[in-house]
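Presented sequentially are two complexes of chain A, the first with chain B as partner and the second with chain C.
For the complex of A and B:
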């Protein structure tokens, strides 16, 4: 039974995202779901750093944007035949950038780390905004071509994104369940003890940062193809903020919570946006409610019929959170 | 660059710096005393502007608007602290929740402003008294710029006097050092925190009103200003009052001269300054070196 419980989220994941395809909800909602799943990858990749390692980065828009711009500009410049390769190149590009930023910013802790990541992302945003000839400035780049097998009805691109996202999410899942993932969890709960165990906190954080950046950029690249357009707003700080929102709303201490958070955020934007233009107000209220009443997010709510955590687990959690 | 341009650019940078200082000193005061990084501080700047605008629609008086904007921003600030922020103090992983909650207030307050006053540009004219300008040698200085600089210095002096020379100020300083101990000595620490939050957000509101005649009033102004103020606070050192002054002077002048030197990249320059400071001395220029850095 234990293995079933372990794979239950995966089963639900496949049933939902593939079932939707079978129901065929029409172009508009397929497009919406494609956004959900791409944001889902963004949130899961971000959560490897945020929920797992306990590093609050406020600059992930940078990697999201790098992925989108590399993919978009390559596809625009040299044709879309190697689209999948361009997405991969976007990820590698972001990973290379993240090595430098990670080396610098991980020397700092807490709020200082957050502020430095924000500064780098804003710097990149400012440059993208001003380099009109290269990046199209605030107009961004429109009409990014897609390869022949992805043009036509939206479900093709949806399915393509689903496959890419699923592979990436599975890799992240395996990473966070590996011994490396456990080290990351330990770093969040008590970095001091990780050092005593002879492990290097800094190095492990850096690796987590690079992995997170890589997959974030993949999500960005997928998004560039979805709408066929990219713009500097993808690098602006609300994009970084969205990642934090998605993870917290869904539950940052759970693996699939961020996907739920992505669905809620996108859904809210869609539903509320239909009636009024003040959807960010409603998102603000949702976040406020989550922070005040469900700090563990939707998937982290302790349902009365859910699994009771054992006394031992509780004690470890308490012992680990007291610091020192 | 000849001397005239240099001086006039320097003076305009000084006025930018003073506005930034009013916002950033509030931010840093909140961080030092309440231990919250208030990402929503720009929204109080925005509220100050719009409350003043509303008051001027009714009474057509800049000075009354200045007072209304300042006070109302402070009152909203106290409401936000008392009913919401207070509930997450001391929670595990507080930093992330603070970030989220203040971020939520950016979304809520900015959208409310848009909802009440509409998304279009508004203007607040300069008061007639300060509409003119005067000359220092060949440099033309608008009176309004001088007004901002003077108000900024007055606030610096008042704040210094309050924090360093009064008993209440001593309590505020004590609560930033050891909240628990101060509570044990019989001081109402939660009330100090609410009041400090109120004063700090009122300073943000004041900056909003004073900046309004120089810039366009739009619902996006708060977001623009918060990033610059965060940079100021980071450069000067979190929770460091004098650091905020130094940071504001640096960023104000960088912005002012940056626009002359390379108009495209003036804002980019401020991020570069912040990155350099964070990499070299992450605690900020005026804060003591923290222990346990990697």
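For the complex of A and C:
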């Protein structure tokens, strides 16, 4: 039964995101769902660092932006035929940058780490603004071409995103369940003990940071193709903050929680955004409610059909060592 | 008997306090020894210094004929000098099994696997089970560390250390905060581990029944200074020790 419960989220994932294609909700909602799934990858990639390793980066917009700009600029400059390769190059570019930022900022802990990642991302945002000839400044870059097989009805791009995102999310899922993933979880709970288990906290954090940056940039690259337009706001701090919000709402200690968070964030923007440009206010309310009522996030709620409560086991606690 | 660990002229100040005062200690292979001394004597600091947790002001630490002064703590652990903590240091959200298993992954160098399921390493699984049996924790393998009694948490902390295949085990107050029956159990456990694994064991302890019950050698630290060293009988009758620490009632 354990294995069924372990795969249930995947089954729901496929049923929902593929079922949507069968239902054919129309161009507008398909586009919306493409955003959900792309943000979902962003949030899951971010959460490898945030929920898993316990590192609060406030600078992931940088990697998201690098992915988007590398993909967008390459497609614009050399044509869209190798679009998938450009997305991959975006990931690699972000990974390379993340090595340097990681080496520096992981020397610090807690709030200082967070602030340094924010500083780097804001710096990159500023540069993107200023380098008008190269990045288009605050106009961004428009009319990014897509390969022929992705143009036309939006479901094509949705399906393409779905495939790329699913592969990436699957890889991150495997990493989470691997022994390396177990070390990361240990680092979040007790880094001092990890050291005295003979493991290097800094190195493991750095690897997690690089992996997270790589997949974040893949999400950014996908986004560049969705509307064929990118803009420096993608590197601005609210983009970094959104990652934290998505994980917090959905449940940062669950694997799929961030995808739920991505759906809620995107949904709120869609629904409330129709009535007021202050839609982000509604996000504040939702975060507040979730944090107060379900501090572990929506997927972190102890559902009755979830893991059985351990209260009965507690009675036996003193009996633990009576065996010898 | 050859020395496994030689500490030469180790020195440490915290601000104005001299917490480790030119300490010289030679630990022999296979010994079971205790470090005693009043609160704040610098016992934990001494462990922190030799395991690389904090840098010393002066002095050398020679382990297995190699100068390890200034070596990173995780390297020292890999070399076989492993510690357990005064306040047990665990992964509270994880099960007893996983706490030990993570140490086993590290021990076999399997911690770097990224795609295989974490439980797919047979050597680590078998090692984990062996340790759980040896420490009497098998019965609670599926409890979370946070659900254990205080005493069992201390045992789990030692189990983690044991999993790392130590050549020398440093235990900081293994019975701290324990009920009397738990202390007896801990004493039996340490003796068993010492014999079964031929494990060099150095423990800091306040409980004198334990100290005089199982230590072959006792060292006394007072205000950072090693004031006496010797067999239990020697220490029991050592005037400076009685005056500084033991008091009359123990004699």
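Simple rule for what comes next: the second predicted complex is superposed on the first by the 306 of 324 C-alpha atoms of A that agree within 3 Å, B and C clash if a C-alpha of one lies under 4 Å from a C-alpha of the other, contacts with A are read in each partner's own complex, and residues count from 1 in each chain.
The criterion applied here is as follows: a contact is a pair of C-beta atoms (placed from the backbone, for glycine too) under 8 Å apart; a residue touches a chain by one contact, two chains touch by 3 or more.
Values in this document were obtained by computation on a predicted structure and should not be read as measured data.
Participant: Does chain B (first) or chain C (second) touch A:181, or do both, or does neither?
Facilitator: In the superposition, A:181 touches chain C alone.
Participant: Applying the document's definition of touch, where does A:196 land relative to chain B and chain C: first, second, both, or neither?
Facilitator: In the superposed model, A:196 contacts chain C only, not chain B.
Participant: After superposition on the shared chain, which partner residues are touched by A:110: those of chain B (first), chain C (second), both, or neither?
Facilitator: first
Participant: Report for A:6: first if it touches chain B alone, second if chain C alone, otherwise both or neither.
Facilitator: Touch status of A:6: no partner.
Participant: Looking at chain A, which partner touches more of its residues: chain C or chain B?
Facilitator: If we count touched residues of chain A for both partners, the winner is B.
Participant: For A:284, is the partner it touches chain B (first), chain C (second), both, or none of the two (neither)?
Facilitator: Only chain B; A:284 stays clear of chain C.
Participant: Could you list which residues of chain A make contact with chain B in one structure and with chain C in the other?
Facilitator: 321
Participant: What part of chain B is in contact with chain A in the complex they form?
Facilitator: The touching residues are 37, 84, 87-88, 91-93, 95-97, 99-101, 103-108, 110-112, 114-115, 227, 230-231, 234, 238, 264-265, 267-268, 271-272, 274-275, 278-279, 282-283, 293-294.
Participant: Could you please specify the touching residues of chain A with respect to chain B in the complex?
Facilitator: Within the complex, chain A contacts chain B at residues 50, 54, 56, 58, 104-112, 114-116, 118-120, 122-123, 126-127, 130, 201-202, 237, 241, 244-245, 248, 252, 278, 280-281, 283-285, 287-288, 290-292, 295, 321.
Participant: Taking the touch rule as given, give the residues of chain A at its contact with chain C in the complex, in rising order.
Facilitator: Counting only chain A, the residues touching chain C are 174-175, 177-183, 185-186, 189-190, 192-193, 195-200, 310, 313-314, 316-324.
Participant: Report the residues of chain C in contact with chain A in the complex, numbered from low to high.
Facilitator: 51, 72-75, 77-78, 82-83, 85, 89-94, 98, 101-103, 105-107, 110-118, 121, 136-140, 142-144, 147-149, 151-152, 155, 160-161, 164, 185
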